[in-house]
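Given below, in the form of structure tokens, are the structures.
Two complexes are shown next, each including subunit A; its partner changes from subunit B in the first to subunit C in the second.
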Partner chain A sequence: MTAALHAEWTKLRTVAGPLWLLLGAIAATVALSAATASVVTCGSAGCGGDTARLSLIGVQLGQAPVAVLAVLVIGGEYGTGMIRTTLTATPRRVTALTAKAVTLTGVVVAAGTVAVLGSLLAGRLILPARGFTDAHGHPALSLADGPTLRAAAGSILYLALIALLSLGVATILRDSATGIGVVLGLLYLFPVLAQVIGDPHWQRLVQRAGPGAGLAVQATTGVRGLPIGPWAGLGVTAGWAAAALVAAALFLHNRDA
Partner chain B sequence: MSAAGIVVAGLRKRYGAVLALDGMSFSVRPGVVTGFVGPNGAGKSTTMRVILGLDAVDEGTALINGKPYRGLRRPLNHVGSLLDAAALHPGRTGRAHLLWLARSQGLAARRVDHVIELVGLASVARRRAGGYSLGMRQRLGIAAALLGDPSVVMLDEPFNGMDPDGIVWMRGFLRSLAAQGRAVLVSSHLMSEMQDTAGHLVVAGRGRAIADAAVADLIAAASGDRVAVRTPAVPHARSVLTYAGATVASTRENDGITVSGLPADRIVTLLGRSGVPFSEVSAHRATLEDAYLELTREAVEFRAVTPTEVSR
Partner chain C sequence: MSLQALHAEWTKFRTVPGWVTGMVAAALLVVLFALLAGVSSDQKGAPPVPAGPGGEPVTDSFYFVHRPLSGNGAITVSVSALTSSIPTGPADLRPGLVPWAKAGLIIKDGTRQGSPYAAIMVTGGHGVRMQDGYVNDTSGPSGPVSVGSPRWLRLERSGDTITGYASADGAHWTKVGAARVRGLGPTAQAGLFVASPPSVHGMSTRGSVSTAVFADLRGEGRWAGDGWTGGQVGPESPTFAGYPQNTSGSFTGSDGRLTVTGAGDIAPAVRETLPTGGTVGEILTGTFAALIAVIVVGALFVTTEYRTNLIHVTLAAGPGRIRILMAKAIVLGAVTFGTGLAGAVAAIPLGEGLARANGVYIFPVASSTELRVVVGVAALLAAASVLALSIGTIVRHGAGAVTAVIVAVVLPYILMAIPFMPVRVSTWLARVTPAAAFAVQQTLVEHHQVASIYKPSNGYYPLGPWAGLAVLAGYAAVSLAVAAVLLHRRDA
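This part shows the complex of A and B:
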């Protein structure tokens, strides 16, 4: 296992793509968060709103490059045929997949931490100027605040789970383009679907069931009114990731390479 | 039976309606280059993938040094293989490609530089593999196969895309690997390469081994006891030799015949005694290509189809 991990890490660091995608994920996350914080306003009468969630909104964009990276980690090998070399070097296929999953989780958690902290910092710097001040009931964002810490740590975990879901989907489909299409579809179509559904019961169900439900972990206020609770939402995303990985392991183990 | 090398026994595999392997059996012994030849669809690549544990079979076993591939710990230290030289990330350097493979087996980076030297890629090792010619990729693939200093080496079509210099190098290299006591299995459709390189030949056809013999024996069998005779008096020679009990066949040249059933010295005596002029009497020696074509004539899967078959 150590050797397989070492091999996967060497693969990741010896091509330019993964680094650029991780930097892209950080840039996209922080940029969207900062831009959103710059356009909201809180009048003198005070305002509602969830400043932590607002500051972390960029995760919704940053998850796309993370998903692409995760799909390419194995989809790229299916594209060139290098997967056969990988499985010749590591014939225990579940070990090979696990090594990919662990390495991927490591780099996504590292990049996700930078992205999340950058977003919170941007929010902390920009929001007071937009009227989100202590006087209006919005103390400066701080990780010392329990719900904010949950939102931050949860967002990092969410990105890691999206990466694992994408790795699983790409392993099942054995193709990068299809894999990216399916994963982005799952991430962005569920919210759209929820919007167009008229029936409130079904709407809530769709909001709870999609892999993006984990973004509920970013909520720090009004948690009771959400379609799904913070940890429960992250649990749904974890369920998607686990299902995809288990199916991927079964397919990988039983199919001809 | 020695367990060293590769032993393939009774492999059977069906892909839907196609029977890809139908009782494929042969062994690859240490110290000799074994050529693995056969027409397209004969099952060569499938067999190699099965040996490497990439494809599962419905029946049969493939063992390397007595063990199934998936049971080998750090397998590249036992078997080095090259299936597809193009299976590389184009953005990774040749050296980095070998480095991740070395890491996967717990091997030091020192081995990487050693095999790079061995295959003559030192000058381009730090360039992206996407810019390599097919010949350079083949060399990189050979380097990868030798990373773990394995006792068994298996290469699928390593001559593909090589320039003449590369082909000469590859022949010598394969022979030297065998001379070091390794078991070497090389698939190729270039019979002439096998004649100069392989000591043993496995001919595949329709999913099984239709011949498994030393190259010298195969050539001797295909040569038969035929003698080529060159003479300006073909009809006269024909009647003299037929009278003596030989079977005479014409050749493409109109001053040549092929004689079977009589040894060359007897033919010389008979022709001389009868006053038939001749310029050459020589034992007919088949090429490996002849032997191969004779063996696979029955087994060729993709023959040209007739128009009626197409329109059906």
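This part shows the complex of A and C:
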């Protein structure tokens, strides 16, 4: 297992793509968060907005490069035929997949931490100038605040789970482009589908069911009104990731590469 | 363009099962979403949506102080005050300005919602207006009313024609407008009215209530009945949210001086005032799902050749690199257009039928508009697939191309839907990003005389349908040109 981990880490470290994708994920997250924070406004009557969630909106964009990275970790090997070398070197296929998952989780958590802290810092610096001040009931963002800490830590975990889901999907589909299409479809379509559904019961069901439900972990206010609780939402995302990885392990084990 | 190149690309396309499956999935997703939108909604038993003379949904709820007027006649009044109140919390009513609060004279076929009328009124912030048929609006003398500067209003009926006048002193009159009101019976209800539409506060609206002080009420002609009757027209209606808490419509006073309080509006219904209504665009939400499928197929159509090195064979066999790219774009665009057309043609009647069967009101559209939406959705998908093909040719990498195009098209839409995203920002996104193309699905129109939240996520786009599509087509065309140049210059 150590050898497999070392091999995966070397593969990830020695090509330029993963590093750029991780830097891209950080840049995209912080940029979208900062841009959104600088356009919203809070009037004198208070705005009821959730400043932590607002500051972390960039995760919606940052998850895309993370998903690409995760898909390429295995999809790229299928594209070039490298997968056969990998599986020859590590004949225990599930071990090879596990090594990929562990390495991927490590780098995504590292990049996700930078991205999330950068976004919160941007929110802390920008939002007071947009009317989200103490006087309007919006104290400056701080990790000392329990819900904000949960939102930050949860967002990092969310990014890691999206990476694992993407790895699983790409392993099942054995193609990077189709894999990324399916992952982004799963992430972006559930919220869009929820909007067209008229029946409130069905609507909540759809909002709870998608892998994007994990973004509920970013909520710090009005948690009771959410379709799903913060940790429960992250649990749904974890369920998707686990299901994808288990299916991937089964396929990888039983199929020709 | 050689037919051989087209034929070669078509053969490649139709013989890869994954790509054909992707296209079939795209069409099915459009239909599936329409089906879900249709079956998941339940409005059975909701009161009917009032319809105006053209069949369009209207708000027709206001406080009406009326008497029957037989045949021709006239009515004159002066207005010396129009004040509005807006709730800021439960049981906390604060004075405020409601620009389209209305108080004045109206001659209407009856108290049935949606019946024909013409009215002249003072407004909270838009001066004197003459309105008829729910959608027509003519401006008169500007400025607010007060005790120091009251406004006299006069409405005359002559057959089908109703003429409105305004005056600052009750002696010198200006004609504001004349309206031919079709369907006005021989005996109409005429009198005073007060309406007070919801007040817009940033991203939300709040119900309001307004009170007007009238004097010098005078009628000419054959007026029946003894005295004035007051009542709310359309108190229970999907297009009327009701009075703010602890308020109600009323009128007090006698012949000389009348104080009337009312809420509601006499105007075309918009998204905010008819929240339960559905649109054709919503039925076609599956376009998003289809987009992702056609983007994947579009990108793979060229990047697979790079991955398998088939591109060398293609370029060696073909008549010229740029022509091959054009052949790919034409084949892909045509196939996607056909797919989108099939999906939308099946989805609209299915979704509409199911939604109507569940009692959902669908904002009516002309058949020409429906045709535009269907063709527009097909063109949107075709343009997105060509964009994906072009980006795929530029980056020569399937996953990168798919991600770039999906993020460019879908992310702006998600940002537009964030509840407290300012209208200014979401309309900017709907102008400059590829998501502008979703304007082809819009069927709602803005009305200047209805203050509301006109933003893309409510179905109101800043660009016209074809202009919005042109933005996406522009991105696709520029990318295709860049792809052609790079393909020509680079080693494959």
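Operating definition for what follows: the second predicted complex is superposed on the first by the 257 of 257 C-alpha atoms of A that agree within 3 Å, B and C clash if a C-alpha of one lies under 4 Å from a C-alpha of the other, contacts with A are read in each partner's own complex, and residues count from 1 in each chain.
Just so we're on the same page, a contact is a pair of C-beta atoms (placed from the backbone, for glycine too) under 8 Å apart; a residue touches a chain by one contact, two chains touch by 3 or more.
Bear in mind that the values here come from a model prediction, so they are computed numbers and not experimental data.
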First, second, both or neither for A:257, with subunit B first and subunit C second: first
First, second, both or neither for A:10, with subunit B first and subunit C second: first
Which of subunit B and subunit C A:65 touches, first, second, both or neither: second
Which superposed partner A:75 touches (first subunit B, second subunit C, both, neither): second
First (subunit B), second (subunit C), both or neither touched by A:101: neither
When both partners are placed on the shared chain, which of subunit B and subunit C touches more of subunit A: C
Touched partner set for A:184, first subunit B, second subunit C, both or neither: second
Partner chain(s) touched by A:161 [first = subunit B, second = subunit C, both, neither]: neither
Those residues of subunit A which subunit B touches in one complex and subunit C touches in the other: 76
Subunit A residues within the subunit B interface of the complex: 2-4, 6-11, 14-17, 76-77, 80-82, 84-92, 256-257
Subunit A contact footprint on subunit B (complex, rising order): 49, 52-56, 69-70, 72, 74-76, 81, 83-84, 86-93, 96-97, 99-101, 103-106, 144
Subunit C contact footprint on subunit A (complex, rising order): 36, 39-41, 43, 45, 47, 49, 54, 57, 60-61, 64-65, 67-68, 71-72, 75-76, 79, 175-181, 184-185, 188-189, 191-193, 195-199, 202-203
In the complex, subunit C residues that touch subunit A: 18, 33, 36-37, 40-43, 88, 201-202, 278, 282-283, 285, 288-289, 292-293, 295-296, 299-300, 303, 307, 355, 358, 360, 398-403, 406-407, 410-411, 413-415, 417-418, 420-422, 424-425
